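Report on the structure given below.
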Amino acid sequence: MNIRASVVGAAGFAGIELVRLLLRHPDFELASVTSDALAGTPVSQAYPAFAGQTDLVFSACDDAAFDGCDVAFLAVPHTASLGMAPGLLARGVSVIDLSADFRLKDPAVYERWYKTPHTASRLLPEAAFGLPELARGELERAAAARAEGKAALVACAGCYPTATSLAAAPALASGLVDEAGIVVVDAVSGVTGAGKKATERTHFCFADGNLEAYGVGTHRHTPEIEQILRIPGRVVFTPHLAPLGRGLLSTVTLPLAPGAPLPRVEDLAERYAAFYAGDAFVQVLPAGTLPRTASVVGTNRAHVGVGVAEGARAIVAVGAIDNLGKGAAGQAVQCANVVFGLPETRGLEAVAMPV
Amino acid sequence: MNIRASVVGAAGFAGIELVRLLLRHPDFELASVTSDALAGTPVSQAYPAFAGQTDLVFSACDDAAFDGCDVAFLAVPHTASLGMAPGLLARGVSVIDLSADFRLKDPAVYERWYKTPHTASRLLPEAAFGLPELARGELERAAAARAEGKAALVACAGCYPTATSLAAAPALASGLVDEAGIVVVDAVSGVTGAGKKATERTHFCFADGNLEAYGVGTHRHTPEIEQILRIPGRVVFTPHLAPLGRGLLSTVTLPLAPGAPLPRVEDLAERYAAFYAGDAFVQVLPAGTLPRTASVVGTNRAHVGVGVAEGARAIVAVGAIDNLGKGAAGQAVQCANVVFGLPETRGLEAVAMPV
Amino acid sequence: MNIRASVVGAAGFAGIELVRLLLRHPDFELASVTSDALAGTPVSQAYPAFAGQTDLVFSACDDAAFDGCDVAFLAVPHTASLGMAPGLLARGVSVIDLSADFRLKDPAVYERWYKTPHTASRLLPEAAFGLPELARGELERAAAARAEGKAALVACAGCYPTATSLAAAPALASGLVDEAGIVVVDAVSGVTGAGKKATERTHFCFADGNLEAYGVGTHRHTPEIEQILRIPGRVVFTPHLAPLGRGLLSTVTLPLAPGAPLPRVEDLAERYAAFYAGDAFVQVLPAGTLPRTASVVGTNRAHVGVGVAEGARAIVAVGAIDNLGKGAAGQAVQCANVVFGLPETRGLEAVAMPV
Amino acid sequence: MNIRASVVGAAGFAGIELVRLLLRHPDFELASVTSDALAGTPVSQAYPAFAGQTDLVFSACDDAAFDGCDVAFLAVPHTASLGMAPGLLARGVSVIDLSADFRLKDPAVYERWYKTPHTASRLLPEAAFGLPELARGELERAAAARAEGKAALVACAGCYPTATSLAAAPALASGLVDEAGIVVVDAVSGVTGAGKKATERTHFCFADGNLEAYGVGTHRHTPEIEQILRIPGRVVFTPHLAPLGRGLLSTVTLPLAPGAPLPRVEDLAERYAAFYAGDAFVQVLPAGTLPRTASVVGTNRAHVGVGVAEGARAIVAVGAIDNLGKGAAGQAVQCANVVFGLPETRGLEAVAMPV
């Protein structure tokens, strides 16, 4: 196929990773890569990894950027997609949105957490949630509609929600977890998660050799996790920053239901493997093995491992992803693959550097 | 004063940090630094940071190493202290033990978690727990006895238990926390926590750029945390490894009691500050600020910050220490200061490098 | 094509990178991956990046490992290839050797620097030097011979010599450099260059946050650089270690000949670009831009940049590669591509992660 | 003593390290710490390492900041000191200048390299160069004048010149080095050397995992190195950036004079040790050992090691310092100690963390 794609916000970290993936994707063709700040600058000048690999130049994000486009990947801050998506869809351009704007089904929840009105809430019912392993049906419905001519809108899951939900979903589905209990999510991200903007927080000299928690009780991925896992009001989510570029690890502690038998780790790992049996990108590790972020960096893969805390009776599930891969650009391409009727793994076959 | 000290296991990471601290301590004098593996090697050859700073040579750990010693710091693996402490105490040498051997009050708990018999359990009643902020009384009793001629035995708290307990104790003391709930501890350590032994796990190329969880449900610091906080069977502790040398961050999630009012973060921070009002090494950060490990590396300080998760009703408390400082060598010196009647902060005044 | 390949020493860092590249190479098929230490262990257990990606199991390096093989990649320490290559060639298996055993044309030089007899010197005349950009002729001759049935022997260039020679060769070819002067090479490598063995030197806690020089005047890559550049006795080579996993930067200072005009940087960069006009993997950066190792990590690319020091009259040329890519596994695949008549870039199209 | 000091530019990296050193210095008292950007902000808010350690608040840099001050440390960009020093000296405030403004003895050289007029060149003759080991006489003269009431002006050496000159000086003094040859300096700095400003270059995600050269042939430390070593027009200096916070390593290659005998490394190391026999902060490592930056981070120490390249006949000397310690704040305090008649090591006794 020859699907013409635009990447909006292509100079940001998720955007430029999309550029990397789409440049090598056999079915997509990059029609434009936009960046308001870097319009006119060659991609290979801003990111020398592309030296000699592409002549693409960042352009302004105007109407011309979408001429003849089949799909736009929006790697933009929240509220920007609210403004752009309606017009693109009306032009027949499918939208793969990496922002948070269409993730939350209830606009009131969006408005409470993002503290801004949801100006495109009429699109929410048709927005497919972009986390194929846990919501493939929504994407397939969008693909079917697109095949009949209706541009698709995909709201790709956030990075923390992806790793967390992939780790927690099979446990919650098992019936072993206390339905009255809280689910504690402590997750750690690399610094790319903080974005390209040069700030004191992303300065090498403050980030290196440092661990910190942030956004206790206030991070906007909390309602997204609760929505995916269908456990409203039960998630305590604390994000952390660690000194690495790419990679995200989410550790989820789920208390066992009062009467539930204590599971053997081997059985739990088996349940998990069965849960993800049809999913090419989720690898459940054998009992006794826990995921390492380095083993998935640069890929669209998620590694998931489980353990059991006997004394306090809880399941501990751990998910590792590349926050820019399965947590952003990779997942967006995976969703686009589904929407355009391609094999889910197309263009996403990379294996992480083993060392 | 002129207190003669021996550091046993001085070539390990906690041991060599003890050497660094004691070399500059105005009241201690290093009588011997032992290392079975490096006996005969100058300290400055094994650790060039000491080039030109000391002529000390690692020696074997034999009787002569303790001649004229007032105190021995045991920076050794567990079970080694079981063998050494009785003889040293009998010789009148006070023991500051950094191993786990005398931390757990109940030898049965020790035997269950460490899977080895406790061969010196008769010493347990007199072992003072070495976490001054939460058990200063025990240390003061040991100091009083020492002043009357009885050698002291101090079991210094582990690194994870120190950061975790300092973060959790004021919340638990507040009466706000659900006494039936589980307490979730997700903690992250730098690689020095894995010790000096060169293994695949500590290899730069596997540790750098990587996050991982380990020891889910099985880490031996679990019963120690439960003992300090007096919440047996209620702790789910998951340790993690992150790519930095020194530094440890513990994030503790404590569910609020069903009827408890939701605390304001400011009030909670104030309670915390009051709790540690008399403690020179614990700094409670203002509401809205969370600790960074880099701000305590190289010191004996702990930074503690708190947050509140409204929806799921929980307190989140975060503690940051240097695992080799307040988590090991610094704390050992702090305990020795108490035992020998010195100001608690003597020799521990260092401020972290600001950047 | 369907070329059956064996990787010998596949559990080491260069070996496992070869496995990663060959698994995705459209024309090679992995017949065996050997490791004496890990025989019987699944590749995905030793390197979890491969979880779910391959069922390969490390095997012993015995005759069976090469059954039906067309080519063996030897990622082994020096002297091991001396033992293996003759037998493999005799069996008709082409050898792509990543060790140093067949790099130096003169066995006496080998014996002087490696302090061991060269036991297979009769093969030296037929060994093609594996640095296509600077010795493509040798590889093409080997390819022609192989096409007529004679197994090929390729001695892939070392990591430091590759980066250094690619940076220096165009300057030396320009006639501007003082033929009596010394050429100073200061190069910095990531820790993967020190190999997989867990040692104090590769321990995260000693390597992180540290820069050091090593092997002053004694590194075995010195004669290799001198041979490639044809400047015997004129190279001062000082390697350094820096805290990163993959990546190697070589800075080469070449004094201008007494009468030579001071070149403009722009002209020099143009000369360089012309020199490498036909080479897909060498990217000469525009004047004013210097290479970053991060822009080539994970790839077979080399970035080269130049500058001019006016006062002291010297050219400074800088080359960046991934020591495991263009410095080892990538280059080996590139050489194999040539030897087997494939396009040089086959299987090596990856672009570095931009961030 | 009780010397009242002001740190100007105290919120920058060198400035805040000065604050850390002076807070613990027994003879200096911090009268003011100025920062235009952070005036009114508590030091401990900007740099949480100081939480609980000081109540100092950054103030504007106005006349009041220097009331009653004996000395001002100027940690400011070049040209700023040109403006401030004359007034301070006129008020009787000694100036320890960390900028480049008074380092170059010849204002024409300053104007050529810094591309700005030297507006205070009348002060140049009295400015003492701040690199005690190589110019102690200048400092002692300033100290003598100060003792008689004349405020001192010290131009502290830059970071690269300090490490480089300490490594090169004994070789140049030995008579072994070719006086017609060029001296090649390849030096690598941690990211603190790039300053506190958050830029793309200092962004963790661009700096981590990356090595790069910069400023080939144009770095302003070139004439400073040539001045200190008295080898005008003979230095080729190429600085590099590596992924660590603090630490600087300079590798200096000096060709042997045509007739000079090839020195034994042991003899050379001995010469070096003799050269620095009276210097507390310079440690010459034994032959065969080369410096590691990690062994001096956080201190005012320099480690120096040497090697010999036989084939090409050159001495290779390597110097390691903490760029914020001996390369900036530590050296400034050392110079102030001399100027105020204190022991040179006062307040600078720290030993680096061994790991």
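First chain written, first letter: the chains are A, B, C and D, and each begins at residue 1.
Quick note on the criterion: a contact is a pair of C-beta atoms (placed from the backbone, for glycine too) under 8 Å apart; a residue touches a chain by one contact, two chains touch by 3 or more.
Note that the structure is predicted; figures quoted are calculated from it, not measured.
Student: Return the chains shared as contacts by chain B and chain C, ordered by label.
Tutor: A, D
Student: Quick check: more C-beta contact pairs in A-D or C-D?
Tutor: C-D
Student: What's the chain with its C-alpha centre farthest out from chain A?
Tutor: So the chain farthest away from chain A turns out to be D.
Student: Need the CA-centroid distance for the pair chain A / chain C, whole Å please.
Tutor: Centres of chain A and chain C (C-alpha means) sit 37 Å apart.
Student: Taking each chain's centre as the mean of its CA atoms, how far is chain C from chain D in angstrom?
Tutor: Roughly 38 Å, centre to centre.
Student: Where the centres are mean C-alpha positions, what is the separation of chain A from chain D, in Å?
Tutor: A distance of 46 Å separates the two centres.
Student: In chain A, what residues contact two or more other chains?
Tutor: Expected reply: 13, 192, 196, 205, 208-209, 243-246, 291-292, 294, 297, 355.
Student: Show me the residue ranges of chain B that touch chain A in the complex, using the header's touch definition.
Tutor: Contact set of chain B toward chain A: 182-184, 186, 188, 190, 205-206, 208-214, 216-218, 222, 226, 233-238, 240, 242-249, 251, 253, 255, 290-294, 297, 305-314, 316, 318, 320, 355.
Student: Tell me, which parts of chain B touch chain C in their complex?
Tutor: Listed in rising order, the residues of chain B that touch chain C are 13, 191-192, 196, 198-200, 202-205, 207-209, 243-245.
Student: Applying the document's contact rule, which stretches of chain C touch chain A when the two form their complex?
Tutor: Those residues of chain C that touch chain A are 13, 16-17, 19-20, 23-24, 47-53, 192, 196, 209, 245-246, 283, 285, 289, 291-292, 294-298, 301, 303, 324, 349-355.
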